[in-house]
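Two complexes are shown next, each including chain A; its partner changes from chain B in the first to chain C in the second.
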Partner chain A sequence: MHDVFTSKRFLKYFSFAIVFALWEIGGRIPISPAFPTFSATMVALWQMLMDGSMLQAYPETLQPLLIGVAIAATLGIAAGVWMGLSRFGEWLLSPVFIVAQAAPLAALIPLLVLAYGIGLTAKVMVVLIMAMPVIVLNAMSGVRSTNNSLIEMGTAFLGSRKDVITKIILPSASPVIFAGLRLGLSAGFIGAILSELLITPTGVGDLITFNQSRADYARMYAAIFSIIAVAVIALDFLEWIEVRWLRPDRKGAR
Partner chain B sequence: MTFMPKALTGLVGAAALAVGLAGSASADTVRVALGDVASVEQLAFMVALERAKEKGLDYELTTFSKEELAIQALISGQMDVGIGTPYSVIQKSQAPLRNFFQLSKLVFFPVVTSEVSDWAGMDGQPITLHSRGGGTDAIASIIERREGINFGERSYVPGSENRVIAMLKGQITASIVDIANKNLLLSEGGDKFNVLPMFDVKASDEVLFANQEWLDANQEDVDVLVEALLSTWREMVADPTIIEKERQRFNLLSDLPPELLSDVDAYYREAVDGGLYDPEGGGEEAAKADFEFYTESGQLEGDPATLNVEDFWDLRPLNAAKEKLGS
Partner chain C sequence: MSMQQTAAVLDRSQTDAAVAVRGVTKIYEGNVKALENMTLDFPRGQLTSLLGPSGCGKTTLLKIIAGLIPATGGEVLVNGRAVKGPGRDRAFVFQDFALMPWATVLRNVGFGLELRGVPQSEREAVSERYIKAVGLSGFEQSFPHQLSGGMRQRVGLARALAVDADVLLMDEPFSAVDEQNRRKFQEDMLALVEQEKKTFIFVTHSIEEAVYVSDKVAVLLPRPSRVSEVIEPKIDRSVSPDAMRRDPDYLDTVERIWTALRTYVE
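Let's turn to the complex of A and B:
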């Protein structure tokens, strides 16, 4: 019995239950007429799933997200690994990504709209700007932090440069690269929603804005709740891929 | 699952914030929520506010980045007076909001690139509007029904001025814009654009609204405000140049560039000629026109004949002002 209450799974669901209960209580007080209860939000979520508005919204939101994250992952890891291997690469590119990471993106959106219009390109750019820096900088520091004695051992055993990179540096950097990917994906979610709220309301951003404008707050929070849930599931899925397929050493560590 | 504690602190933070904001409400200052950055279009309203201030109304103008956020702040009681057309909000929300003065009517113009010359040519074509569920969206739905066409994809870019820039840059091909921006488009774009025929709309674009409880508890303030509005609107319709004169007297929007301010007279002349302002402040007639329009566009539910004006408007302040100022 004791084991059940301290098990990881139980604690996970228990903490969910506490937050939802507090939400329900807050909605019932009510804190404000603009704050619906948890149960009302779930009813709204169910209605939106059934009437098709969610199913229509998600492809629109996920399109710039997936394109942006895919580009950010391929280019970002490549750039980060290069920057980690070569001082010249670091000197050339790292300032760009450090600045991009520090820049308040919302303030740059008018500039992006000016350059890329109001369509898909601008939204993909927002996702890229959000996701790319963490992926690049993590890949770089992953490569940099490779244990030097392992590299020395590789060269001592007459490993070629290619062998050292593919058999020593990349495997050693992969935990940090994956951490960067997960951070990049969650930053990409922020970027996708931000672009839908600040450029033109489409997809989930439109569901949030539209229901807010009609004061249908249960539906508005249902849309927000759904995107958080999708983001959490996507991150969990990425972790599962990592453990299952790419890093068998971490099996059981979950 | 490291996100849970974060969500928890977020929730607790939100609760603390809500309590904090509710506690800081001051009774004397009328908190007016603007859903858009104050510019030339809001000048008439700002002039009326300044005139009310001369009569002893203490007000505070807060600009929100989005109309939706302004409405939410009003429903939560963080703001007192809002601007918009909250008919569906009134029907849906638990907060007893009431309209009390019509600021402007929906005077808008459908503009398209010159390849299209009539409504039939717009069948299946994309159109860009202000916001989903907003006035221009409603106009588009009614056009569809009356002309027997269906627009293609509808996208939304808030602000006529932004849609006009996008049209001039060729990013969008059809939109519905206000009078000033229609004229700007025709003068800049010349023969590249067509204005399509538009049915006559009498419905409201912007209405002042507030919580009924607040309206009842602050009758004196509301009366001063509505009197100032009514007299300003009447003077403006008789002589649109009054707005620029009053702007200079009160030194309003003085941080705007001179090019924009030199257009104030022209803007108000066009707007008054175009019938944007009702010198009687809307009231029952406006409410009935709005019922017709917003039920046809789908934002209001029910039969317009059975909708009750008192459920959406508080007519007392406007009637009191009319009585005081004479009709």
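Let's turn to the complex of A and C:
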């Protein structure tokens, strides 16, 4: 029995339960007229799932998110690996991404709207700008942090440059690259919602702003809750893929 | 040097020295001299140790022989051919084991063969044989983090043996292994030298270890790096390991090397 209560899974659910309980208490006091209880939010979430408003909203939100993250992952990993392997690559590209990572994105949105309009392209660009720097910089540092003696080993046992990159450097960098992907995906979620709140209200961003304007706070919170849940599930899934396919040695470690 | 002398040197290197180091100099960036005009022969089928305090350039020399770093001057001949880079005739055992943490013992041991394009079934058969030879049967599917330091280095050794090179280059292979395992390992090394008929070049900073395992000990001194003397410990290896460690010849040789080195330790 003792093991059950200290197991990681139990502790995870237990901490969720505490947060939800506090939320319920806060909503019942209530700490603000605009703060619904946890149970009211869940009821609203259920209604929104049933009446089709979620079903309609999510494809709209996920489309720019998935396109943006897919582009950011492909280009970002390629650029980051190149920057990790070549000093010239680093010199050429790293200032761009360091600046992009530090820049407050909201300030750039008017520029993006001017350049790309208010449609899908602008939203994809927002996701891209949010997700790419962290993916690139992680891929670069992952490649850089490859144990030098492993590279020497590959050379000593007659590996070509390509062998050393594909069989040693990339597997060794994969945990850091994947950490970058996870951070990039969560930044992508921020970008997708931000673009729906700041460019044109569509998808989940629309559910949030529309219900806020109607003072239907339970539905507004339900929309926010749902996007957080989707983001958490997506990140967990990414981690599962990594452990399952790339690092069999860590399977037992989790 | 006259033509005849050159020919004589080449001839000798082909007959009894598996590896010949000829006037090798290594100057690192910033004019740091690691090696200066070093000349040394490594007899075929024997274990020669490079022994010396840190900074004497012993690991640098080993990596030049391996072809991992280029010499600034001079040349290294392996089986009479000049070294231009890593080759099939040499295999390397690393101080920090250099095992891939994401790969099983089986794949790590077979990695040298994998890089040479040996088909999977063939290299796994070879790997399994050497995993058994180093005493790791049953750990084929384990990952390096599941093994102790001593076992990890056995994997490193099996990987080097699996490519069947003439010359095994070992860079302080036991320095990251705990004392009990190191002794067992040294005993196994002796059996291995006997059995494998390969040329072993062994870098160490431990005098006892060098005297215990070597046919020949090259004592290297720093600033400037040079071979101070080459000692051939004449120790009866037919007796038990414990008797060997109490052998007066063994103890005398250790003492003699210590005397030569002590002035450089201050």
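To be clear about the criterion, the second predicted complex is superposed on the first by the 254 of 254 C-alpha atoms of A that agree within 3 Å, B and C clash if a C-alpha of one lies under 4 Å from a C-alpha of the other, contacts with A are read in each partner's own complex, and residues count from 1 in each chain.
Everything below uses one rule, namely that a residue touches a chain if its C-beta (ideal position, glycine included) is under 8 Å from a C-beta of that chain, and two chains touch if they have at least 3 such contacts.
These figures come from a predicted structure and were not determined experimentally.
S.K.: Touching A:L246 in the superposition: chain B (first), chain C (second), both, neither?
M.R.: second
S.K.: On the A-aligned overlay, A:F210 touches which partner chain: chain B = first, chain C = second, or both, or neither?
M.R.: It touches chain B, and chain C stays clear.
S.K.: Should A:I168 be classified as contacting the first partner (chain B), the second (chain C), both, or neither?
M.R.: After superposing on A, A:I168 lies in contact with chain C but is clear of chain B.
S.K.: For A:E152, select first, second, both or neither according to whether it touches chain B, chain C, the two together, or no partner.
M.R.: In the superposition, A:E152 touches chain C alone.
S.K.: In the superposed model, which partner reaches more residues of chain A, chain B or chain C?
M.R.: B
S.K.: Contacts for A:G89 in the overlay, against chain B (first) and chain C (second): which applies, first, second, both or neither?
M.R.: Neither partner.
S.K.: For A:T202, using the defined touch cut-off, is the partner it touches chain B, chain C, both, or neither? Pick first, second, both or neither.
M.R.: A:T202 sits against chain B, while chain C stays out of touch.
S.K.: Of all residues in chain A, which touch chain C in the complex?
M.R.: Chain A reaches chain C through residues 147, 149-150, 152-159, 163, 167-168, 171-172, 174, 246-249.
S.K.: Show which residues of chain B lie in contact with chain A when the two form their complex.
M.R.: Residues 1, 3-5, 7-8, 11-12, 14-15, 18-19, 22, 66-69, 71-72, 75-77, 86, 88-89, 92-95, 131-134, 155-157, 166, 169, 171 of chain B touch chain A in their complex.
S.K.: Touching residues of chain C toward chain A in the complex: what are they?
M.R.: These residues of chain C touch chain A: 66-68, 86-88, 90-92, 94-96, 98, 100-103, 111-112, 114-116, 143-145, 159, 163.
S.K.: Mind pulling up the chain A residues that touch chain B in the complex?
M.R.: 12, 15-16, 18-19, 22-23, 26, 31-35, 117-119, 200-202, 206, 209-210, 212-217, 232
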